[in-house]
Amino acid sequence: MMKEMLNNVRKTAPLVHNITNYVTVNDVANILLACGGSPIMSDDPGDVEEITSICGGLNINIGTLNARTIPAMFLAGQKANELGHPVLLDPVGAGASSLRTNTAYDLMEKVQFTVIRGNISEIKTLALGEGTTKGVDADVADAVTEETLSGAVEFAKKFAAKTQAVVAITGAIDIVADGEKAYVIRNGHAMMGKITGTGCMLSGMMTAFLVANPENSLEAAAAAVCAMGLAGERAHERLAPEDGNSTYRNKIIDEIFHMTGEILESGAKYEMR
Amino acid sequence: MMKEMLNNVRKTAPLVHNITNYVTVNDVANILLACGGSPIMSDDPGDVEEITSICGGLNINIGTLNARTIPAMFLAGQKANELGHPVLLDPVGAGASSLRTNTAYDLMEKVQFTVIRGNISEIKTLALGEGTTKGVDADVADAVTEETLSGAVEFAKKFAAKTQAVVAITGAIDIVADGEKAYVIRNGHAMMGKITGTGCMLSGMMTAFLVANPENSLEAAAAAVCAMGLAGERAHERLAPEDGNSTYRNKIIDEIFHMTGEILESGAKYEMR
Amino acid sequence: MMKEMLNNVRKTAPLVHNITNYVTVNDVANILLACGGSPIMSDDPGDVEEITSICGGLNINIGTLNARTIPAMFLAGQKANELGHPVLLDPVGAGASSLRTNTAYDLMEKVQFTVIRGNISEIKTLALGEGTTKGVDADVADAVTEETLSGAVEFAKKFAAKTQAVVAITGAIDIVADGEKAYVIRNGHAMMGKITGTGCMLSGMMTAFLVANPENSLEAAAAAVCAMGLAGERAHERLAPEDGNSTYRNKIIDEIFHMTGEILESGAKYEMR
């Protein structure tokens, strides 16, 4: 199943429109190319509707949102909805400021998202109006552990049912859920938290998976999470002792570049709940 | 000839003003440093005229244009024209949206460009009002192949004559033409299409070549195209089996860093038409 | 002493708010993670006060300042002052345009900085209203050499006394001074000038050092300068003959990732003046 999700990306080379932050945008573009997609970035209200129209899907990331780009997010999101394109929300820093939290709320109200992907603190903020986002990283107090996993899975399903979106909560243990079932994923490596943008990269790549697998949003989202985590594991194995987080970033993208459906299928570690 | 073009960059260390997209800007800055130039980025209408005045040349790339930066492109372009500085236009995504297409048209009307550099779909859009730009990549239907090469060379010369600019169309086969003669260049590697920003990097570096060789814009532009393609070839030879597009990007910039006039001269593959 | 400065960063994982340029922002984020800090970027006037409030310190870099982000710099700086957070100014390109020079002046007037860090041309511009900034790089005529060192140290102390900030002038020889004493630092490698953003990265990392060592701003700033220079030396030793500036950048960040207090202590080359 995982295998087909990736193979479909490579077969169809989906063009993905990204309204994303300027911190990690280059890595987002390169990982999209690595997985077989094609990126375009456009964030001006005067440009985004046409650009999203020629694309297959839209990735909205609020990491460095501003007064000019926020309206562009709404315009692009609504146009993508009209056209039936998958749209992903990455609510970077929701809970860390009112502008971020309120923009994410408004976006959820006016745009139908196919996937909402964030860390547990961000998703809690969106679902419950609480959560203690520590900047752009999840708070330790919120972390999904083996102990809190069952509750977190139920929480994800409930939020998915409410939003009619697939909910992807990523962290040490990842949960990808719709209203009825959830993938619990155990791929990844702790050192991924020492690179800026693994979440942003995943959101960009996941959008390509959604475009290429329009009938299987849940599986596509889960496959993207497994692919990212597996790339993190495989890249980590190839690190020399003196390699640090910057080299690790390059190697993770390289691993996606070389990942085949078979590698993904055999390396994906997940269970259904 | 190629040799002198690069040597002059290293001798004079041209300062290049870039109004460029935020996706690939870091690679543009690093490749400018690698080739012996010096980059400065500035895109606010209140800043660009003074900045371009202290530079030797200007690189305008519309990849993430917006309502604030578009006026800056005109101001900087006109100031650079006044001062006799070379100005390059990289019409990223022309044909993909009206804002991009119209901005590129307007820029061509109000700024005299030394070089217009893009993929075949972008250049067709500017020249003919058609072309089927696929996002920021050229459409396969437009591609310059051995079969369509003669026609493409004539097209490039005609557009160059009309715009009084050197026209650089880059792809699997590159064409760099003025109104009378054209370089047909066969350097490069297909994997370069799997990295974001090879075109943007080339535009930045080419501007340094133009500044350093003010009497030889055609040759300077052709030398930059050969250098980029050759770096792509040489970096590809050094890839380990597990290296992917992210490492490839680093190695291409590294190859420019170490490229000598001699390496360029002996590795450049071109013919005149 | 150096040792404790770095160890305190790793112990406390300071969250640093960066209003920084889009050229080098990804490297700034990754080096902050590498040293043990945590980065957040936010530059919209509607977002920065809340974001800076949840952080420990603020890094203001004017490298690609614009009409929207300039007011954000003032709002964030004043809020950080209110909260007693360390605030660093990196006056990129001061002296190269009036907008940059005047913004830096205004910021110094309305925000109390903990550290002002720039190259000699930028700092001369701020201190004397002169200096011949060559784009974003220091002018050779301004360079701190063994011959001009004594004068430069006095100049730095005087400017530090006047601004009540630690003044860090970085170049081939670095000076980090308050009104009374100065560190003269001789770490680093000439090839660091061939990478975009070593200054920006240092400013980001230095802010983390300031947050983690609130009672020792002078030592913290000096330790960050030594760490950056030492990483440049160690990374350079590990370069293969074909490695260029892009790989060097990755290896410098990697060196910070693996740097221990002991490595820093034994590798730091400084004297007090």
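For clarity, chains are labelled A, B and C in written order, and residue numbers in each chain start from 1.
One rule holds for everything that comes next: contacts are C-beta pairs under 8 Å (C-beta built on N, C-alpha and C of every residue); 3 or more make two chains touch, one makes a residue touch a chain.
The chain list, named the UniProt way, goes like this: A, B, C = Hydroxyethylthiazole kinase.
As the structure is a computational prediction, the values presented were derived from the model and not from experiment.
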Turning angle required so that chain B lies on chain C, C-alpha fit (0 to 180°, nearest 5): 120
Type of chain A:chain B copy interface by residue overlap (half), same or different: different
Centre-to-centre distance between chain B and chain A (centres being mean Cα positions), rounded to whole Å: 33
Touching two or more other chains - residue numbers and ranges from chain C: 22, 26-27, 68, 249-250
Chain A contact footprint on chain C (complex, rising order): 15, 22, 25-27, 29-30, 33-34, 38-47, 50-51, 54-55, 68, 238, 249-258
Sites on chain B touched by chain A in the complex: 21-24, 26-27, 63-68, 93, 96-100, 134-137, 194-197, 242-247, 249-250
